[in-house]
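Beneath this line is the structure, given in structure tokens, with notes to follow.
Note that the chains take the letters A, B, C and D in the order they are written out, and that residue 1 is the start of every chain.
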Amino acid sequence: MSSISSSVIEAWLRRLAQVFTQHKDELTDLDAKIGDADHGVNMARGFTAIPPKLDALVDKSVGSLFRTSAMTLISQVGGASGPLYGTFFLQAARPANGKSELTLKELCQCFDSGLTGVVNLGKAALGDKTMVDALTPALAALHPKNGDSLEAALARAATAAHEAAEATIPLIARKGRASYLGERSIGHKDPGAASSALLILALAETVTPPA
Amino acid sequence: MKKLINNSENVVTEALKGMEAAYPDLIKVQYDPNFIMRADAPVKDKVALISGGGSGHEPMHGGFVGKGMLDAACPGAVFTSPTPDQMHAATKAVAGEKGALHIVKNYTGDVMNFELAAEMVRAEGIPVESVVIDDDVAVQDSTWTAGRRGVGATVLAEKLCGAAAEDGRPLAAVRDLCKRVNAQARSMGMALTSCTVPHVGKPTFDLPDDEMEVGVGIHGEPGRKRAKVVSADEIVELLMEPILNDLPFKSDDEVLLFVNGLGGTPLIELFIVYRKAAEIAKRAGLKVTRNLVGPYITSLEMAGTSITLLKLDEELTTLWDAPVLTPALRKGI
Amino acid sequence: MKKLINNSENVVTEALKGMEAAYPDLIKVQYDPNFIMRADAPVKDKVALISGGGSGHEPMHGGFVGKGMLDAACPGAVFTSPTPDQMHAATKAVAGEKGALHIVKNYTGDVMNFELAAEMVRAEGIPVESVVIDDDVAVQDSTWTAGRRGVGATVLAEKLCGAAAEDGRPLAAVRDLCKRVNAQARSMGMALTSCTVPHVGKPTFDLPDDEMEVGVGIHGEPGRKRAKVVSADEIVELLMEPILNDLPFKSDDEVLLFVNGLGGTPLIELFIVYRKAAEIAKRAGLKVTRNLVGPYITSLEMAGTSITLLKLDEELTTLWDAPVLTPALRKGI
Amino acid sequence: MSSISSSVIEAWLRRLAQVFTQHKDELTDLDAKIGDADHGVNMARGFTAIPPKLDALVDKSVGSLFRTSAMTLISQVGGASGPLYGTFFLQAARPANGKSELTLKELCQCFDSGLTGVVNLGKAALGDKTMVDALTPALAALHPKNGDSLEAALARAATAAHEAAEATIPLIARKGRASYLGERSIGHKDPGAASSALLILALAETVTPPA
């Protein structure tokens, strides 16, 4: 596969409703350790609200799918993750306006623009123990290497995101609720990094269903 | 988990329906987006005060909506900051030409959601200012972190700015007053027990029978340290010390002493705490000329207390004494 | 046991010192014998209202001392009725020619100690009347037992009789009003958790994680039955049903609905309870024209709620709306 | 011994301070089952307040000792037991006015008068599961039988009181806080009956120190 169609993107966005319902408790437990025990609930509330919105959607271009998801997350989630993931999709929508499919290069443009939005809003730097720590290496890994397939790139990104999320465990949180803990945030995985890893993995698995 | 609820999904909506039924003369409740507004809003020639945050801190903020305090409050899910569309709708519903002030507690989520809301509102031509409250000395302030949390000072700021707004002062003046209140107030809290978030169903943190969490946050965020439970007097020393050190309170300063209950601690214990806190303030040469004692900013059923000290001056004292008529705070009316 | 106390012996005295420090404009506190009196007592040409009971029910009674409510309150040890010398001293301190009314909750100890006190006071020529409050429908009334317990109606009686006394009404009239309030009010409570008496150090009763005590007393006395915890709505039905059946409330009766917190239950849950209670009252054809929601008669840190329904009439409604200025209840001043 | 001196009565009253301190938790536990968990604390608070008052006493006649104890209990205990035990000693004082010693017959008169006071104040009938259930048979047993010794009569009274207290276990409480329980008060010993048994036992042991 050399490009990804808007219907695959839609399948991904719909898949996220199940993914975050399944991982609700796991993410909430992570948040209970260094936050306020609601990240899983927030993600589930936000992403389960997306499919009904997509049903009603007429313009199913990638840009429109992303923008609708963004507005849904912003109005449904609250907390820190709502505006952040909302902004991610809002900014990701721009390069995808009117597009019915994206090349790997275009997909990278979208996500990079989304990540930039997250960083501008949240002011988190790499290593602050946030979702940015998972998204940054994931998107780096997504960029085409000597013309390999979109499937391969996505698999690489998913692995990178997963490893990066695990790598937040030894870090001291410098942003968000966990930062109040200072030293005591060490030893726990960042919930937002974990949810970002799930987000990327879900796309890889939408494109290449797990055996 | 033992709670007087029906199911965790409906806690916030059903509590709102209860408030709506209990205080029809004082407030009106709007649903999705959820917000509570003054029954007589929009009030002419008055800056509109809007606050909000996660639910689970009752009576804050909804209980402070009414004459002399807030014009609207936006309740999020339990411990989750509200969404921009709530603040957007609430601000449009209560604000007039004099514009609106958003009083925001310093939590990443609250700040970002209020920020997005303020942009939406401004885009529609309504002047909006925001003040972020960050009075919790349990958290080290630093540009490298999310900074201090907003706790007890929020209640005081809402009362004082409410009186100033009722006074007819312009937006910039009310905003600056709010900043001054925040700058002159410091708080710290502690927990004897955890709280249980309804949709989680188990305590947010496990606290052994002989330990307490010093510097706990109002969402059950762990605090400065775990320690063995000590006597009430020693606990109050633990809370007052960083408060007094952080703010350059000077001898003979007049202060407001706010002893807050976190939800599960009964009044009889809060009076024991107040007694010692007032004693320590006096020892430090301060004059406690105003006070507030009770559960005003809570953390569900958490047992514990927080202490807030606000440096007063003639203006703040007059504003504190001004009439207020809300479900949770009432005087002079 | 986790409490914000120093040691169980001093809980009552230290809490009194805290109240004394917190409300110097409203109350004066006297020590052994212990009682709290209005700062401006004795008030001329006014029947003096004195109540009291074991401590651990704060804000009742001390928090209700002030203009428009009680002239004095006598706090006993935790859950132990006060001694006659307290009521004797308090009555002498606040009563004038118009005499004094003792508002007594129906517990053997309270009744006997107030009885002895009334004798002492009468012996000194001060006219005294006593009214015993017994509104708890959880207990079967019968001449073979100690009869019903006095609970939520006590708070309402103190407010309403306080207004009548402030009005200058004579002793007999205030006494009869108090009896009428008691006759027109019914209450029932339930607990999700036990309370822990400081000097005992362990919970008064053990309640499994999935059970509740229906009809619990404010001293942690076991109630009508143990039952599995059910939803808030079902619990409210359990409480409202005997209340509505016991008193011949008629369709279109105006009522005051009082949803009380027992100490450990946060406001957000009380609003969920109020919502359902108001709905049930309406279903029964009643008009809820006044209400009170919050922890006013507590049982230390017990989690749970009690509901009180008072049949109103024009006179009672006017008295309810009259100004009151006490540490715990304030309106119109 | 054919009569009991005021100094023995004083020794008894002082002894009660230790007795109710020792049995404080036991009585409070009984009260926790069917009352409000304070009977032991109430009794300890009241009876430990008596010795200092006796120290200050000039007139040490039995009547004066009883009256002083009565006023102390009434002003220190509160609850139901304060007025009740207070009244017991107040009424017991009458027949003992000015007496420096009591014959067994006179002792019976005092206690009978005390019990009458308790019944008049508390309106409890025999079998209502109160202190009256312990005091009534105890005082009946105290009455001289074919001229036996005061020691023997007191021993008999102590045993009767103890057995009567145990016998309250199967009863339904009809007075006091326990009456709220109705049926559920069955199976628990009445705290006040237990404290009354201790009171009588203490007198027997003052007169005849346990081997």
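Criterion: contacts are C-beta pairs under 8 Å (C-beta built on N, C-alpha and C of every residue); 3 or more make two chains touch, one makes a residue touch a chain.
All figures in this text were calculated on a predicted structure; none of them were measured in a lab.
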Most widely separated chain from chain A, with each centre as the mean of CA atoms: D
Whole-Å separation of chain centres (CA-atom averages), chain C against chain D: 32
CA centroid of chain A to CA centroid of chain D, Å: 76
Length of the line joining the C-alpha centres of chain B and chain D, rounded to whole Å: 55
Residues within chain A bordering two or more other chains: none
Pairwise touch network: line, ring, star, complete, or other: line
Chain pairs that touch, as defined at the top of this document: A-B, B-C, C-D
Residue ranges of chain B in contact with chain C within the complex: 2-7, 11, 14-19, 21-22, 55-56, 58-59, 63, 192-193, 209, 212, 229, 231-233, 235, 263-275, 278-279, 291, 293, 295, 298, 300-301, 303-305, 330-333
List of chain B residues in touch with chain A within their complex: 33, 54, 76-85, 107-109, 112-113, 115-116, 138-140, 144-146, 149, 197, 199-200, 204-205, 217, 219-223
Residue ranges of chain A touching chain B (in the complex, touch as defined): 28, 32, 34-38, 41-42, 45, 74-84, 121-122, 173-177, 179-182, 184
